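Two complexes come next, and they have one chain in common, subunit A, joined by subunit B in the first and subunit C in the second.
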Partner chain A sequence: MSRLREHLNLFLMLAPALAVVLVLFMGGLVMGVAQSLGYMPMIGKTDVTLNAYVHILTDENFLRSLALTCWIGFTSSILSTILAIVAALVLRQNLLGTRLTTFIFQLNIPVPHIVGAIGVIFLFSQSGLISRVTHLLGWTQAPADFPVVVWDDWGIGIILEYLWKTTAFTGVILLAVLRSIGEDYEDVARTLGASAWQRLRHVIIPLIMPGILRSSILVFAFTFGSFEVPFLLGKRFPRALPVLSYEYYHDVDLGFRQEAMAISVIIAVLITAIVLVYMKLSETYVRSD
Partner chain B sequence: MVSVAKTQPEELSESMGAQERDASRSRWGRVFSYGVMVAIVVAVLLPLVPIFIWAFAGRWFYPDLLPEQLSLRAWQYVLSPASKALDAARVGGTIALVATVLSLVVGIPAGRALALYKFRGRQLVQFLILAPVIVPSLAVLMGIHIAFIRFGLAGTATGVTIAHLIGTTPYVVMVMSSVFSNYNPEFEEQARTLGAGPVRTFLHICFPMILPGVVVAGMFAFIISWGQYIVTLLISGGRVITVPLLLVNFASATDKPVTAALCLVFLIPSILIIIVTSKYLTGEEAALGGFGK
Partner chain C sequence: MKHRILVLLSLLVAVVLVLGACGPKATPTPVPAPTQPPTPAPAPTQPPTPVPAPTQAPTAPEKKPLGLPAPLDKMTWDDVVAAAKGQTVNWWMWGGSDVINAWVNGWLAEELKKRYDITMHQVPVAGPTEFINQVLGEKQAGVHSGGAVDIMWINGENFRTMKEAGLLYGPWAQLVPSGALYDWDDPAIAYDFGYPVEGYEIPWSGAQVVLEYDTAKVPDPPKDMAALIQWIKDHPGLFTYPAPPDFTGSVWVRMMCYYATGGYEQFLGDFNQELFDQKFPACWKLLNEIEPYLWRKGQTYPETQQAHIDLFANGEVYFRMTYGPGDAQTRIDKGQYPPTVRTYVLEDGTIANTNYIAIAYNAAHLPAALVTANFLASFDSQYNTIISLNRYSIMKESALTPEQRNLLASVKRGPAILPPEVLSAHKLPELQAKWLVAIEEGWRKNVLEK
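Showing the complex of A and B:
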């Protein structure tokens, strides 16, 4: 096949997918940014201003929401990564029951977050199933005695749902990485006298580090930017950033639209920046080890 | 690795001792392992338990651990036209089916190109296609919403389907590129030398070999579209009602049995995908494995 023909083939194979991404995703992003700057030619506004951003960044609502969203993102991604490492290390062994447990471990991956959030409400609300168990055990007398973990100040219900879903996601990735690495490196370390802890710290963790970094950043990006779970499990104030943005977008006062756009652009820019920095850092980390 | 390599030679003679230590410790290791396994099973299944119970519960007041009586009221309501659940399932299912087919048509060739060809800009293309998975979609959605209003696509099932492609296409490309990275294109050359045209080669050589991957990618795409909440809500402005929209409405209205029953309806595609992919889920490879590499 001639070179030209091969290039043409390649282009034809990639063009449809790239069109979807460039037109819908990038196009949407550009239009979102333009509107956050007040550029809305359809309603005759063509002045570009940073008003919405100035407004947002001095708004206490926004700052409290930003803090809450960061807290949820960091806590969920760090905890779920730790849980996933432990789970993957246990499940890669050849023990009785590991195959069945691995199967169950992955069951909730295709379960939508909305269902997980409703499960969390049914379990952890003050009259939920857990509260009924603590009543039976005599630890609580009434629903009000049970700690507020859903619709609470710290987003605990939100974090619980994210842990439930994302631990399986990260764990499955790490399990696949561990299996592809095999146990040869560890056997060498063992023959050289490395203890179990040393093998974990100096052999296994560095080998699976690329997988850990990539999956944890995906989890962070997701938990930072998604809507449903904080919408269902979050308090009215402060709200997670995506929820705040959506509510501004639908405010009867159309003047809030620009602010809504500004918030969602800030979310997208923050995530992109964090991902890029993280990738850069992880590259150097992985190379030096 | 570094500190292991520094181990002194005289310590090597103790490696037997170390192994015995490992053996004696492995009893505790096993206890720990089983503890973790029990915790995994409980943690995964626990949030689903009250959903299954509530869906068939009649009167169930605090502090009863189980319902006073069972009832099919929620199901009678969900299956009746009044709840609009069946309509929502039909609309959501159609949208998801069309989005799946479209993202497969677009994603299979792209996955093949990324896996089998080395070319300049490959990483950039990969990054662009994966960007929608990482960058939260709200800004994008609010941006295209205005354009969709302009083109008359906002508030229509067509507009919602197009918007769903942003979420489904990257996954299809990702799954298909990992499928094609284990694919040997030499079989196609043999068919071509034997006189088969490109279409016949694809249908008789390539397609049968990638079919299992296509099924998995298609099911993932379906489930992503079927589960989209904010995309559907924003683009349709609530005028195209799918199952998640209905479900969130009922969850906010606190009718627990109906919410739970709708959850189970919402879970049907998830249950199907678990059944179809179960051989991957217990086996040595996982559908998501490509993420870590």
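Showing the complex of A and C:
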């Protein structure tokens, strides 16, 4: 009896969250898939075809966008994870001032990405603050002398923004993991004669690996699907996939919506696939422990 | 314990919601109007205003219904104004100009409140597709009244798209009092990018492309398109244009195409695919030819006009094209541009158009939409945009009173603004909407992605 009630309670408490997920997320997904197949009764299209996918996947521009998006996603998640590990290792030591440093380190977490992107433009564009300083110092003569960091070929501006934001995010997670582990394992390793590198490589990293994997999945999924940062800091061509999708969606020709939705569905499928692979990876990691 | 916190939290949320819901309703009650000093000081930033702006033209109280389309078909103008009282008007408009946004939320919002008790709510958008999608989506969903869009700043292919899809309220523009201020026989007013207006939108402003440059950096700017192209090649990295479909980038591409294809006259009619395929490769060739000499070697283009403004203001590029002949002066006055910036038009001429205010067919606040659109087109509002946004009069001279004409004649222009005669002597027409779309698409395929 009380068992049943517990279940009912559980269900009732989860219902609002489930409703949001199912109705808003799944509903949107279903409509997106339908539109990507060309089912758009409001503009008189009811034929279901795979034309948009064929068109997109054979389009060189799409493939270039896909490559760029993968590059941005992988580079920013790998680099930010490495930086976050280093930062967390430094910050967990209870030295003088680390509390303040930790606070400063976390300060940018509530700042929206769009603000960070504008900040990157202000700082790193060819007529940005840093360029002005180098001009004052006489290192550059004109804005064009300053290296191209924003709106560049390799998405450096985009990656910089993601690093700035996600390093703190991953760092905070890893810091929490490290603190919960404590230093006992390391002390044991030390008494057995392990060097600092050996302690890091064989004790700490394996212990925090689940945390690393999970947070880097989140970072990758976010950077792969995010729109505003590549929109503001990316080159006009090729575009990151979310920006490309937005562009198709806003084309004067409503027929392009099919392509826009197809791109969005592809983004969703890719992220899901990569998350599944990651989860498999982290599972094997835990098991081998 | 946890339960108590939950209850507390939900109570808090409820209180906030209730407060939020009451807020806007509560504010109008204190009647702000009488407390305000009666002296009309319309533009405190503009000291040389010789005479205080005149009050609304004496529209004799109309007893007859105006003949507006349903649901306002029985109403006189006074009825419309009365019905608009206390309403909020949602103006969906391009929000890419900080200067215009400040005007809308400043002077305009105050005047609407003071004169008509209407609250202005600006909905800034990046492009017209946003409100087209909004109204279209509502129509598809069967929301035929109470829509999110009341009035829109619109012209060209977007007006055509909306009118043809039945997304606009009308005809009304010639029925409201301010309609009489415009010359509906003038093709520049009655046709929007070659498409008949037929009372579905009212003129709001005139636009003509000018080039901004800094005399401290370019003392002697190239006179015509040919010379400008040579200048671009001689000064690598110092010229660019916003990427179409940004409307300024789009008009710049059209102007270069007019030059490269031997003139606009051949394209004035309906869209002709054959002619397009035959003539426009010359334009793509020219644009690709100058590309290596553009900012960042043409590998990228400014995404938006604001990005281009920043590049110009920061001295990364030496020219900026704009649809607003008064933009530069406004920015000099605000300290965003150095005082040495000037504007000019190419001797080949520059493209000009008129832009308008239209009303959504399912506007939630139809009376307020009409009153606001009418006010935007009225002399008082037009005069204020002329003195504070450095615009030009597009009103019919003969429809104005002698005092109004004197007021216009006494407007003092800053040095960065060209005289109206110079502008009108260099006007080039816009093409019809389908040409525009084809040119934007052609630019993307043949220039950007090359």
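A few remarks follow.
Here is the rule we go by: the second predicted complex is superposed on the first by the 283 of 289 C-alpha atoms of A that agree within 3 Å, B and C clash if a C-alpha of one lies under 4 Å from a C-alpha of the other, contacts with A are read in each partner's own complex, and residues count from 1 in each chain.
FYI, a contact is a pair of C-beta atoms (placed from the backbone, for glycine too) under 8 Å apart; a residue touches a chain by one contact, two chains touch by 3 or more.
Because the structure is predicted, anything quoted here is derived from the model rather than measured.
Of the two partner chains placed around the shared chain by superposition, subunit B is the only one that A:Ile104 touches, whereas subunit C remains out of contact. When the two complexes are overlaid on their common chain A, residue A:Asn61 makes contact with subunit C while staying clear of subunit B.
With both structures placed on the common chain, the touch criterion links A:Cys70 to neither subunit B nor subunit C.
In the superposition on chain A, contact is made by A:Arg236 with subunit C only, not with subunit B.
In the superposition on chain A, A:Ser127 makes contact with both subunit B and subunit C. Contact comparison for subunit A: of subunit B and subunit C, B touches the greater number of residues. Of the two partner chains placed by the overlay, subunit B and subunit C both lie in contact with A:Pro143.
Residue contacts after overlaying the shared chain place A:Met209 against neither subunit B nor subunit C. By the touch criterion defined above, A:Leu79 lies against neither subunit B nor subunit C after alignment on the C-alpha atoms of chain A. In the superposition on chain A, subunit A positions 42, 127, 143, 231-232 are in contact with subunit B in one complex as well as with subunit C in the other. Interface residues of subunit C facing subunit A in the complex, by the touch rule stated above, are 127, 129-130, 133, 136-137, 140, 157, 161, 237, 243, 245, 296, 299-301, 303, 310-311, 314-316, 437, 448-449. Within the complex, the subunit B residues that touch subunit A are 1-5, 7, 11-12, 14-15, 18-19, 21-22, 25, 29-30, 32-34, 36-37, 40-41, 43-51, 54, 62-65, 103, 105-107, 109-110, 112-114, 117, 119, 125, 128-129, 131-144, 146-147, 150, 162-163, 165-166, 169-170, 173, 223, 227, 229-230, 234, 244, 247-248, 251-252, 256, 259-260, 263, 266-267, 269-270, 273-274, 278, 281-282, 284-286, 288-289, 291-293. Residue ranges on subunit A touching subunit B, taken from their complex, read 10, 12-14, 16-22, 24-36, 40, 42, 86-87, 90-91, 93, 95, 97-123, 127-129, 131-133, 135-136, 143, 164, 168-169, 172-177, 179-180, 185, 189-196, 198-199, 202-203, 206, 208, 210-211, 214-215, 217-218, 221, 224-228, 231-232, 242, 245-246, 249, 260-261, 264-265, 267-268, 271-272, 275, 289. Within the complex, the subunit A residues that touch subunit C are 42, 61, 126-127, 143-144, 148, 151, 153, 231-232, 235-237, 250-253.
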